[in-house]
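Before I ask anything, here is the structure I am working with.
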Amino acid sequence: MRGGPVLHAAVATRSFRRYSTYRAATLAGIFTNSVFGIIYSYAYLALWKDNPTAGGYDAQDAVTYVWLGQALLMTIALWGGGSTDDLAERVRTGDVAIDLHRPVGLVGWYLASDLGRAAYHLLTRGLGPTVIGYVLFDIALPPSPLTALAFAVSLVLAVVVSFAIRFLVASTAFWLLDQSGVKVMSGAFAIFFSGMMLPLVLFPGWLGALAQALPWASYVQVPADVWLGKHTGGDLVAALGFQVMWAVVLLAACQGALHLATRKVVVQGG
Amino acid sequence: MADTAAVHLRSYLQIASLWIRAAWQYPTSFVLLAAGNGLITGLDFVGLWIMFVHLDDLAGFELHEVALLYGSASLALAVADTAIGSVERIGAYIRTGRLDQMMTKPVPLLVQVCADQFTLRRLGRLTQASLVFGWACTFVDWTPLRVLVAVSMLVSGGLVFFGLFVGFSCIQFWTTDSTEFANAFTYGGATVTQYPLTIFPREVLVGLTFVIPVAFVNWYPCLYLLGRSDPAGMPEALQFASPVAGVLTMAAALLVWRSGVRHYTSTGS
Amino acid sequence: MSVTGSVDPPLIDVRDLERTFDVRRRVEGRRRKARETVLAVHDLSFSVTAGEMVGYIGPNGAGKSTTIKMLTGILVPTGGQVRVAGLDPSRDRVALARRIGVVFGQRTTLWWDLPLRDSFDLLQKMYRIPPERYRANLDRFVDLLDLGGQLDTPVRQLSLGQRMRGDITAALLHDPEVLYLDEPTIGLDVVSKGRLREFLRALNEERSTTLILTTHDLQDIEALCDRVIVIDHGTSVYDGTLAGLHAEGGSSRTLVVDLVDEAPPIAVPGATVRRVDGPRQWLSFPAEASAAPVVAAVAASYDVADLSIQEPAIEDVIRELYSRSG
């Protein structure tokens, strides 16, 4: 990563501060998260009442899963958005041509910015629904300090994987001028394959196998299972390793996309 | 209003057809977007189907019954969504000054906002919902009265969603920050209709009947269509009351809209 | 009876207009923003009769766009009264919309992805323009504004000048009685500006369309407006003819004299030397006065190689008025 850690820390902090000005929006968001949390909790309770061990979960696991999903929604920017929207905008206006010539790695820059944002969303729209879920539905908490730590690691990895995919989506703007179409489709896939709509452990047969192998599984399913203590020992390492693998592969893809884009910009003159 | 509703409808259609022509300039993109829209909105039903891999019934409702609930609500939502389009983005119109421009034209503001950027790609959702609803309908024991109730259900459902989305979008006249607050009621209301409402505590059901009346979009009429007695013991008359809910929600939404526009012209942006 | 004393009732009648805004401003030393009431427009009165071409000018933030918004019904006044064509703009917005045209300088009202022609067709339907009238108007404006080749071009592919002309056509197809133009020549090249001004003059002559022009381009004013209203800090500081504006502002014309040889400052009655640079001298004299006596006096007493006259910069006049009121 070109540009030192101090620079990237500064970028992250600035991003955090920028998002923290949206206080009213954050409160409104926590309210909405909670309403959806309540709706899905009752839906899952109905399902698990009829089938108490569906997908290897019990009812409390399932309800905890709902609230974790709501808490993670903004942190990992599941619907899209975050710092990569800035990238897409700069591509649209052509300003990105300047960025491509700066001596700072673009991917690292935007990643730092997104992590700053994610930190803010974690503290507000992550913590908020978790607390409300605990109060209303008595959701399960991590069974041990090690689990809690593993969850924290898994969460950071989830943000990185999500960032990489969003970066790739935003970089389509170099070719399509407008990322919105791709962004909407990517968001829809993310909702489905992250386990946000329904835990991936419920997906039957080949669909389940596919879903658990795709990068979106890193978003919600893996961190949630870590939190619930479903992965221990070697299993835990494998789960985190899965996220690391996708993070590395996708970040490399981001660099590749940027390389192609730079060539295009140079050849076509922006 | 000096003009009648028919005149407004004609204005709406005139504006909408212009947008359709614009989209049709790029046919492949149009078809792709419509297909994509159908796919995305169809994922909801895939989710429900997956649930039923693990269940025989959800709160006593089998898959085809849940499909009836889902299909009818989704159809009503699709129609409402197609009709009202950009009203959700009214905050952006205010910010860019486009709303002011619309106010200089001799067409009611709400008609212009709803017709703006009319897009037929929402037909994707409409198609997908029709398929699910159509399939579910094959399991229904039809009588003439049931057909009437079904039609009234779809129309009223559209009116309820129309009213909900227009009404809650008006929050953007007062604030630009807290707009996500509205999603809890609009999209939350739409999500709730996918499930048999007995999964919720009774207080919630009452709220969904008398406060945010989404229960009338599909739940009560479907009970009649499926020949089921109300599991929560609510009055049977509610099963025929969808039109009332539709009209009342619309009326409330129009009042909120008027109030919002008045606020806008009184305070500026 | 109107304020101007003419027989026709005024088309636009503004009396004691007032508009306040509640603004939340950051105040030093306090955590929460303080609430303030800003007086954007106050004690504003004027009337415009049909067929007038009025320039409405003022510095940024003076209240120009606020006034226009109240005239078009986008904003409700907090005090006073406004009537356009006998209608209350905010109450009878739709009825009034049929009789006015509005052109916003920065944003187009046309539909971006569609050919120009389609936008016009939709406007015909919106305004319910009779087909023969529509065709006649369209042909006339397309001809005058030289849009013939662009009718089938999507709006987003038009140049700024073409789009502006398209917007003006769009605003005029329904024969409005009043045309509000907000910065219509901004971003246009000199030639286009000239053509547009010619068009507006012709429009006013042919159809007596009342023109309200808000602009920072003072050459627009000079070319088009017999009457100027200068607004500053929310109220009118001048309302009258353009010539009067020069007099009011105490502006002066300049006679540039190129003498054969260098000489000490020229002394003639009615003129003052402002600047000397070698054989060239700049003399200023009051704007209302004729240049002839000054020229004659200079030519009689000095060896003159060449002469020219510079008109007063309207900017200076305006600045003088602003500084006086502010």
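In this document, chain identifiers A, B and C correspond to the written order of the chains, with residue numbering beginning at 1 in each.
Simple rule for what comes next: a residue touches a chain if its C-beta (ideal position, glycine included) is under 8 Å from a C-beta of that chain, and two chains touch if they have at least 3 such contacts.
Treat the numbers as computed from the prediction; the structure is a model and nothing was measured.
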{"item": "Pair of chains with maximal C-beta contact number", "value": "A-B"}
{"item": "Chain closest to the middle [Cα centroid of all protein chains]", "value": "B"}
{"item": "Greatest separation from chain B - chain, by CA centre", "value": "C"}
{"item": "Euclidean distance of C-alpha centroids - chain B vs chain C, Å", "value": "47"}
{"item": "Centre distance in Å when chain A and chain C are each reduced to the mean of their C-alpha atoms", "value": "54"}
{"item": "Gap in Å, rounded to a whole number, between the CA centres of chain B and chain A", "value": "29"}
{"item": "Touching residues on chain A, where the partner in the complex is chain B", "value": "22-25, 27-29, 31-32, 35-36, 39, 42-43, 45-47, 50-51, 54-55, 181, 184-185, 188, 191-192, 197-198, 202-204, 207"}
{"item": "Chain A contact footprint on chain B (complex, rising order)", "value": "33, 36, 39-40, 43-44, 46-47, 50-51, 53-59, 175, 177-181, 183-185, 188, 191-192, 195-196, 199-201, 204"}
{"item": "Sites on chain B touched by chain C in the complex", "value": "2-3, 11, 14-15, 18-19, 21-22, 25, 96-98, 100-101, 103-108, 265-268"}
{"item": "Residue numbers on chain C that touch chain B, as the complex places them", "value": "21-22, 66, 69, 72-76, 90, 93-95, 97-98, 100, 102, 104, 107, 109, 111, 113-114, 118, 122, 125-127"}
